[in-house]
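Letters are used for the chains, namely A, B, C and D, taken in the order the chains are written, and counting of residues starts over at 1 for each.
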Amino acid sequence: MKKIALLITLAVGALLILAAEDFPRWGDAHAPANDYLSPYYIEKSLEETAVPNIVTAVLADYRGYDTMFETTVIFCAGITVLTLLRRTQRKAPKAVRPRPARQGADVILQSASRLLVPVMQIFALYVLALGHHSPGGGFQAGVILGASFILLALSYDLKTMLARLSENTLLRLSALGVIIYAGIGALCLLLGDNFLAYAALKVFGFSEVMAHSHGILGVELGVAVTVMAIMFSLYVDLASGGDLDEGL
Amino acid sequence: MEQLPFLPATPALAILVSLLAVPCIYLSDQRPNLREGWTFAAAFAKFFLILSMAEWILAGNTHTYELCRILPGVSLSFTVDGFGMLFALVASSLWIVTTIYSIGYMRGLNEHAQTRFFICFAVALSATIGVAFAGNLLTLYIFYEILSLSTYPLVTHHQDEEARSGGRKYLTYLLSTSIGLALPAMLITYTLTGSLEFTSMGVFPADTAKPLLTILLLMFMFGFAKAGLMPLHSWLPGAMVAPTPVSALLHAVAVVKVGVFSIVRVLTGIFGIDLLAATSLNTLICVIAAFSVLVSSLIALSQDNLKRRLAFSTIGQLSYIILGAGLASRLGVQGSMLHIAMHAFGKITLFFCAGAIFVATGKKYISEMVGIGRRMPVTMFAFFVGSLSVIGLPPAGGLISKWFLVLGAMEAEMFWVLMVYLASSFLNAAYFLPIVYRAFFCSEEEAQFERKVAEAPLWCVVPLVLTAAVSVLFFFHPQPFFDLAVMAVQGR
Amino acid sequence: MADFLPYIVAKYNYWAALVLLLIGLYGMIAKNNLLKKVIAMSIFQSAIILFYVSMGDKKGSTIPILLHGHGEHGALAIDPSQYANPLPHVLMLTAIVVGVSTLGVALAVLQKIHRVHGTIEEDEILESIEE
Amino acid sequence: MTAAQFPILILIIPLLAAFAISLFGGRRDKLAYGLLLAAMSGSFYAALQTLLLVLETNIPIHYRLGGWAPPYGIELVIDHLNAMVLCLVSGCALLTAIYSLPTVRAEIPDRIHHYYTLYCLLVTGLAGMVATGDAFNLYVLLEISALSSYAMLARGRGNAYYATFKYIIMGTIGACFYLLGVGYLYIKTGTLNMADLFRLLAEEEMQQSITIRIGFILIMIGIWIKMAFFPLHGWLPNAYTRASTTTSCLIAPLMTKVSVYIMLRLMFSVFSVEFVYGVIPWHEQIVWLASLAIVAGSISALAQRNLKKMLTYIIVAEVGYMVGGAWLANESGLAGTVYHILSDALMTLALFMAVGAIIHKTGKSSFAAMEGIFRKMPVTSAVFVLGGFAIIGIPPTCGFFSKWYLIRGGIETGQWLFVGALLFSSLINAIIFFRLIERAYFGDLSGHGHGPLPERDEAPAVMLVPMVVTAAALVIIGLYTSEIIGRIVLWTIPAGL
C-alpha cells in the first residue's frame, strides 16, 4: 500500500511539476488571473455596491450565489454531524471514557472568561458591521461569536452552557441564518427581479447602490448567525461524542 | 391507389389484439370458462383481422403501416406481404386449434397456473405475428426478443428441476445468440448501409467485401438460434419439457418458424437472393443447412422419447427451409416458404398426437407404444397422416413443398442438395413409419394395450383430426398458400 | 542551470503548495491511522487554498480594500494594480468553509468508527469487519 | 415572477424546503414527509417547465444570479442537455420521495426530519451542479451534494461508517483534484465562467499550453473518482451496499449520472471537441479503459451474492458504458451516452426500488430474499424483471436503444473492444438477472411448485406507485426514443463532431 501510495504521489507530483512550465511569475500584476476579471471588481465594486471591501462585495454580491451555498454547506455539516452522533434513544451506555472527570469549578478560568466573552461578542458584532470597510464580515463574525460560546463551555461545562443555549435553539438559529440569506434572495425574486438581485430592494426606499449595500449586510448577518450556531454545535457534538453530557 | 378494404392499422391491431386479452385473462383468473372465452375471442379476432387483409394481399398488393419512428431513420413499421401473410395465417389459425387442444390438455391433467399459461401464450402469439409483419429488421428483432422472453414461463411451466434446466438452456441459447450475434450484425449492417428496411434487392452495395458479408451472414444465421441450426439446436429438445400444447404450437410452429422466418427474411430482404447467388455465399448456407438436415435425422432415429424424436425431426425440417432459401433459386425459395406452412400443419398434428397419448395413457416413450393403435385408433391414424406430410408422401401437403424444394435444387443445378433431400426423406420415413406400424400391427403378446378404444378427451382429439385433415386438404388444394409464396418470390 | 534557478525562484509559491499537496495526498492514501488520514486531508485542502491565494498576489499591492472608500473621495480614480486580486480570496473563503465542514463530518464519522470498532487503525478495522 | 424564473426555482424550492423541514418537521413525520413531497413536486414542475421552454425555443436559457452579467457574476445556463438531466434529477427525487416513508420509518428510527433535510440538500446540490454555468460554483455544489450524501450513507443499515469514511477520503480527493484543475484554468485565463473559458481556451496559445492540458487531466481524474470510473471505483460498492433503502434509491441512480453529465459539460462547454479529442491524444486508450471497466464491473457483479452489492457493480459497469461512449469521439457514441444518462438513471432507480421493497418485506438482502417473490410480491417482481430487461438491453425498453447507439458508435470508430465489452456485459447481465428471476419464479429450490404457496405480501401502495411509474417510464421512453433523440439528444452534440 505504501509503495503504491508513493508511486501515485510521485506521478501526481511529476504531473504538477510539468504543469508549472507556463505559469506566470509569482506576483505578476499582468498575469491573466490578475488582468481579466479582477480590475473590473476593483474599479467597479464601490460604484456599484458602495462597499469598499472588494472581497466582501464579490463574496456577497457578485458571487453571492456561491456564498449562499457555502453557508448551506456549513448548515449541512452541522446537520450531518448531528445526525451521525446524536441518537435520542441510546441503546448502550458509552464505553470507557478516557477523560478524567472535572473536579470542582475553576475560579480563575471562569472569571477570566466572564470578562473576555462580552468583549469577544462585541468585537464580533463590530467585525460584522464593519465588513464593508475593513477585513471582516459574516464568516469572521460568526466564528468569533462561536468561539466565545466555546470558551464559555470550556471554562464552565457543557451542561451549563447548553442550559443557556440549547441544542434546539442552535439548530433553529443555524437554519434561520441560511433562511435570512436565501430569503433575501427569494425576496428579490418576489419583487420581480432575479434571485439575489439586491437591486430589487430599492422598493424600500434606497438608491440602487445602497440597496446592494444593505442587501450585502443582510446576507452577512445571515451568514454570521449560521456560522455561529454551527460552530458551537459542531463543538458540542464532537466534544461530547454526541451525548451532550460533558465537554472536553 | 385503390381504397384499402381494411383499416390501415390492421396489422398493428392484429398484433395488439392478443395483448389486449392479457388483462382480461388475468382478471378472470377465478373463472376458467370466461378466461378461455377471452383467449378464444382474441384468437378468432386475430385470425379474422389477418384474414381480412388476405384478399388484398392475394391481389398482388402489399401494405405498410408505420406505427412510430422509434429511432431516427428506423421506424417501428409493419409490412404485410405474401410471405408475412402466409406465416401469419398459419400461426393465427393454428392458435385457435391449439387453444381448443390446450383446454383439453391442461384440464385433463389438472395443471397448475393455467392463467399464467394462457397469458404467456397470448403474448407469444402477439410477438409471432409481430415478426411475421415486421417491416424492417429492428421491428423484427424487437418482437423476436419478446417472443423469447414470453415463452420462458411456458417452457418452465412445470417448475421442477428438469423444467428449470430446460428453461435455462432455452434462454441461454436464444438470448446469447440474439444479443451476441444478431444484434451486432444488425448494427454493423445499419452502420454500413444506413438502412434496415427489407427490400428484395438487399441493402448492401454491390461492392461490399466478401469476407465481411460472409461474417455477417454467419452472424445472422446463428444469431437467430430459434431456427435450431446445428450446432445451436440443443435448446429445442431441452424445451420439450414444456406442456405439449406449448411444444406443439411454439416448438413446431411459432418459435422455430419465427427463427426460420427471420433467417429467410434476412436472406431475401437484407442480403437479397441475387447478391447471395452472385457471391456464391448461398453454397455456404446450403452446406450448413444440409449438415443440420442429415445429422438431426440420424439423431432422431435413436430417440426413444416421442417428443424428443419429434424435436429432432423439427430441427431437420427447419433446415430444409433454410436449405431451400439457400438455393437462391426462385422455385427453391417458393418451396421453402410453402414448407413453413406444410410442415406446420403436419408437425403440429404429430405433437398433438404425442400429447393425446400422454393424456390418455401417460406414456412418453416409443418403446411403450407398441399396439397403441388398438386403443387410440383415431389419434394414431392422424399421426400417420402427419408423418406422411412430414416425410413428403401423398396424399399430404408435405409433398407439395418438397416437390418445389427439389425443383429448386434442380433449377440451381445443385444436385448434391437433391441427394440430401432424398436421403433425409428416407430417414424421415425410417423414424416415423415404424411407430405407426408397431402401433397397429403387432402380435398379441407384444401389445401393451388392450383392444378397447379409449381416446383422449374430445377437446384433444378434435384439433388433431382437424389439423390432419387440413394437411390432406393442402395436398389437393394448396392454391392460396401457393399463390402467396409465388407472390412473395415475384415481389423481388 | 543558469535558467533553472530563476525558474525555480519565480514560482516558489507554487513549489510550496506542491510539496504540501503531495504530503497530503500521500498521507491520505498511505496512512494506516484514520485520524492521520483526516489530518492529511486537511493539509491537502490547505495546499490548494495556498495555491489559489498566492496566484492572486501582485508585487507591491495591498489587500483588496479600497483606501478612501467612503465619503466624497469614493469615486476617485482607482488603480487596479495597487490592490491584490480579490477573486481568489473570495473563492478560498468558500473553500475554507467547505474544508472545515468536511473535516467536521470526517471527525464525526471517525468517532462513530471508534465507537463501533474500538480502534481507528485501518488494518484492525478491516480485521474486525471480516470477522 | 415570470416564466424566466423557473430555472432558479428548481434549486431554490428544495433548498428552502430543507430549512423548513429542519425547523418544523421535528414535530410529526407526516409533516416532514408532506413538505418533502411538496418541494420535490415543485422542483419537478419547474424543471419540466424549463425543459418545455428550451424545447420550444431551442435556445439555451441564461439566468443571471444577482442580475450580474457573466463572467463577473454567476449564471445558470440551461440547454437541452441539462434541461433533460434536471428533469431527470428532480423526477427521480420526487419518485424516491414518495417511495421513502415506509422504509425510512423502518430503517431510520429517529430524526426523520433531519434525514429529509439532508435529502433536500442533496437534491439541491445535484440540481445546482447540473444547472450552473460557473466552474467554481460547480465545486461548491459538488461539496453540498457530497456532504449530504456522506451523512445519508453513514446512516445506513448496520455498520456503514468505515465505508462512508473511505468515501469521504476518495470524494475529497476527487473534489480537490477538480478544484486544482479549475485553478490551473483560472491561472491561465483569469475567468471561471464556462462559456468564457470556452471562448478563451479556443485560442491557439491556450490549446498548446501544458498547464491547460494538465488542468484538464486533473479535472477528469477528479470527476472520474466521483463517478467511480474503473479503476477508481473502489469506494462505491461498499458505500452504496450498506446504505439505507431510500438513500440508495436516491444516490445510486443520480450521483454517477450527474457526474457523467458534468464530464460531458466540461468536455464540450469548457474545453472543445478539438481539444478533447485532438490535443489530448488519449481518447482511444480511455475507451479501452472503459471497456475494461465494463468487463470488470460485470464480472464482479456476477460474483456477488448480495442483491444491492450486485447492483452497485452493475453501476460501475454502466459508468464504463457512458465514459466509453463519450470518448468514442463520434456522434452515435455521444448520443448513446446522453441517452444512457436518462435510461440508466431510470433503470437503476427501478431496480433499487424493487430490491428495496423486497428487503423491506423480507428483511433479507441476499439472493435468498428473491425466492418465491413472484407469488409474494407480483408487482414488485414485475418491476424488477422490467428493470432487469432494461439493463440487459431487451427491446423495447430504453436500455436497448442506448446500447444500440453505443454499439453503433463503437462500430463506426472501429472500437471492437468496446463493442465486445458491451455485448459481453449484456450477456453477463442476462445471466445475472435470469438467475434471479429463476429463483424468484421457482421459489424454494427443493419445491415443485405444487406445494403450499407463499402468502401474497405486497409492499404498500406508496412504494408500489413510484415503482410502477418508473417501470412504465422505461418502456415509454424506449418507445419515444426517436422523439427524445431528435428533440433533445441531437441538440447536445457539440459542433465539429
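Note that contacts are C-beta pairs under 8 Å (C-beta built on N, C-alpha and C of every residue); 3 or more make two chains touch, one makes a residue touch a chain.
Remember, predicted model here, so these are calculated numbers, not experimental data.
Listed by label, the chains touching chain A and chain C alike are D.
In terms of C-beta pairs in contact, the better-connected of the chain pairs C-D and A-D is A-D. The innermost chain, defined by the distance from its C-alpha mean to the mean of all protein C-alpha atoms, is D.
Inter-chain centre distance (chain C to chain D, centres taken as mean C-alpha positions): 30 Å. The centroid of the Cα atoms in chain B and the matching centroid in chain C are 71 Å apart. As a whole-number value, the distance joining the C-alpha centres of chain A and chain D reads 31 Å. In chain B, no position touches at least two other chains.
Contact with two or more other chains is made by residues 21, 25, 55, 87-88, 91, 94, 98, 101-102, 105, 109, 112 of chain C. Within chain A, the positions touching two or more other chains are listed as 16, 20, 23, 31, 33-34, 37-38, 41, 63, 66, 70, 73, 76-77, 80, 84.
Across the whole structure, chains are in contact as follows: A-C, A-D, B-D, C-D. Residue ranges on chain C touching chain D, taken from their complex, read 21, 25, 28, 34, 37, 41, 44-45, 48, 51-52, 55, 87-88, 91, 94-95, 98, 101-102, 105-106, 109-110, 112-113, 116-117, 125, 129. Residue ranges of chain B in contact with chain D, taken from their complex: 68-72, 75-76, 112-113, 138, 141-142, 145-146, 149, 153, 156, 158-160, 164, 167-168, 171-172, 175-176, 179-180, 183-184, 187-188, 190-191.
For chain D in complex with chain A, the touching residues are 1, 5, 8, 12, 15-16, 18-19, 22-23, 63-68, 71-74, 109-111, 114-115, 117-118, 121, 124, 128, 134, 136-137, 140-141, 143-144, 147-148, 150-151, 154-155, 184, 186-191, 209-211, 214-215, 217-218. Touching chain C in their complex are the following residues of chain D: 136, 139-140, 143, 146-147, 150-151, 154, 159, 161-162, 164-165, 168-169, 172-173, 176, 179-180, 183, 186-187, 192. Every residue of chain A that touches chain D in the complex is listed here, in rising order: 15-16, 18-24, 31-38, 40-41, 61-66, 69-70, 72-73, 75-77, 79-80, 82-84, 86-89, 171-172, 175, 178-179, 182, 185-186, 189-190, 192-199.
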